[in-house]
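Labels for the chains are A, B and C, by order of writing; each one numbers its residues from 1.
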Amino acid sequence: MTAKLEARGVAMTFPGPPEVRALEPIDLDVREGELVCLLGPSGCGKSTFLQIVAGFIRPTSGTVAIDGKPVDGPDRKRIFVFQERGVFPWLTVADNIGFGLADLARDVRAKRVAEYVELVGLRGFEHAYPHELSGGMKQRVEVARALAVDPDMLFLDEPFGALDSMTRLSMRSELLRIWQAAKKTIMFVTHDVDESVQLADRVVVMSARPGRIRSIVDIDIPRPRDLSSPRYLELRDGLLAEIGLAHAI
Amino acid sequence: MRGWRISAVAIVIAIVAWDLAIHLSGNTLLPGPLAVARALGELAVSGRLARYAIASLFRVTWGFALAVVVGIPLGLVLGWFARGGRTIGPILQFVRPISPLAWIPLSILWFGVGDAAAVFLIFIATVLPLTLTAMHAARGVHHVHVEAARNFGLSSAAIVRRVLLPSALPELIGGIRIALGIAWLVVVAAEMIAVNSGLGFLIVDARNAGDRYDLVVAGMVAIGVIGLVLDNALRALANSPVVSGRRA
Amino acid sequence: MRFERWLLPLAFTIVLVALWQLAVGTGKTGVLPGPWQVALGMRELWERGVLVGYAIDSLRRVAVGYAIAVAIGIPLGLWMGLSTSVFAAANPLVQILRPISPIAWIPIAIVLFGIGDGAPIFLIALAGVFPIASSVAAQVRSVPPMFLAAARNFGLGEAAIIRRVLFPAVLPQMLSMLRLALGVCWIVVVAAEMIAVDSGLGYLIIDSRNAGKRYDLVVAGMVLVGAIGLVLDLSFRLLERVRSVRWGFRSNS
């Protein structure tokens, strides 16, 4: 069975001066319906790689194919979710979520928007503007906006980075709930080890300068994941050791 | 095509289009680019260009320096003490739209025709924008920074010197740049009316004394170039690490 | 205290006007008119029927010139902002022409348009178009690339991206800039009218002096110019408070 996404020999060098070799050639397959995390420290190229597979950047070499077809630009079927700054500040929550649905009939669009407002738990805030919302709410708007166009794949670049840790935990279970309900293929960039073990089917550990894949770890804990189970701790410690971080401070 | 090459081509095209427009319209009064270039040469060789440019710059310097010395401290004070700003602010907003050129009759009345009138006009035109900018910059100083300074036991004078001024500096330079642009605009206008030397005077005189529109446009070109140079110099200053590195 | 907002400026104005009257009363400044004379001068203008007439003349010229400046400046600025090659082509010309005071264009304007509305309108349009184009270009170039990337992600075509993302994103700043440009145009009309026409507030100011040293009318004209300019500015600010644009403004006065 061909993978949903196949990256072969993807490398990126940013022209200078000074020239920056951001990514060594990377090979990666992502299966349909998988949730894959790219984990690594700042500057390891994980965001760059994500933007390449999403079609926003052309790699210096290598190819990316999705559903067997080469990627050559961004596409509605593969939506990229930025941190909550990606929400359009001049549109209400409802208009943001409906942004990609402009070619639908008005009542169809309204119905779809209402569904997704409900899905991300923002009922009552349809007519609020982003500057009136908290960070977590803005992030949910962006996720809803991405989902509303029913893409096959979602790319999330440290989406919860700007949120406080308690909101982050609830947003993660939200994301999992939505993922399981909607069965999308998701690629998720993070620098938070716990986050990767909590969310991913597989964690792709990357190292920096130049960016390359260090190892790929299968997270074989069934969901819902118990955050204090021995297997969880074992996997997490393993990843911490992999990255080279001490675990006593 | 590389950026500067496009710019160069565009300028050449513009000049050619200008030349064509003059020839095709059969206009005998307005000069083409060649005539203007010759006129510029004439002005440069006779030393008038330098003399007039210096005269204009001299007035700008004096008027502008006065405005900076008066306006910026005043604005900083008004911005720092909120109540002062609320009181005086609306008055300043009211006076601002009054064209500095509307002050011309009064300035001639008070100073007669000559340098003082021009300097006064430049002062009037720039002191208000500078004050308003300084007010805004002072108000924008982050209260977190002020509180931290107080926490470290700094005296009021030290807070002004080490927090207010560095914080306000980038915006002040931006305001100075805009005000200098205004000063340059005003000096030209003031010279057309109230003095008898300088680039503005050149424009009026060239026309009055014999319809020398080639000199008129040459004067305009000189004005444009000098104004551009001034603006770029200030922009370089604003972007220099010394100034912008202090951005709060 | 809420009423501080208008009470303090009002009190300050009253004090200033009183000082002004005092200064004139003691005769120190000679020919300078006092506030009372200026008020009388305004009434005279009203009775002569020129107060409203001249104001309307000036406003009319500003309206037309400003409309032209906006109609040319915004599309030009958008084009310059979106295309690096257009920017490279147009920017040097804009930057060279911009510092040339519209006033310096007066002789050319008179040659092209003669005496009448044409010359001031030309000057006003000139005064407005360069700052507007230059500013819009800068604003377009500083739209966060993230917004444009997201728009492309959703499959929007170039025209739709401009209409639905670029334009709303720059709107708050553009409104501020348009307000300032209007202020500049107002200043220029007064200056243009001092030299190239025979009606309007600028003409009133210069003519009152030339035709008989009526400094009371001169200052009355100045007060009018200031008042109308303030009204224009405040009206524009009202626009900026519309809710769907307010996200772009820092919350200070």
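Definition applied: contacts are C-beta pairs under 8 Å (C-beta built on N, C-alpha and C of every residue); 3 or more make two chains touch, one makes a residue touch a chain.
Source: prediction; values computed, not measured.
Across the assembly, the chain pair joined by the most C-beta contact pairs is B-C. On a Cα centroid basis, the chain most remote from chain B in this structure is A. Averaging Cα coordinates per chain places chain A and chain B 50 Å apart. Rounded to whole angstrom, the centroid-to-centroid distance between chain A and chain C, based on C-alpha atoms, equals 48 Å. Centres computed as Cα averages put chain B at a distance of 17 Å from chain C. The part of chain A that touches chain C in the complex is made up of residues 54, 56, 73-76, 78-80, 82, 85-86, 88-91, 99-100, 102, 129-131, 149.
Of all residues in chain C, those touching chain B in their complex are 4-5, 8-9, 11-13, 16, 31-32, 84-85, 88-93, 95-108, 111-112, 183, 186-188, 190-191, 194-195, 202, 205-206, 208-209, 215, 218-219, 221-222, 225-230, 232-233, 252-253. Touching chain C in their complex are the following residues of chain B: 1, 3-4, 6-7, 9-11, 14, 29-30, 83, 86-91, 93-106, 109, 139, 181, 184-186, 188-189, 192-193, 200, 203-204, 207, 213, 216-217, 219-220, 223-228, 230-231. On the side of chain C, the complex with chain A involves touching residues 144, 146-147, 149-150, 152-155, 160, 164-165, 168-169, 171, 243-248.
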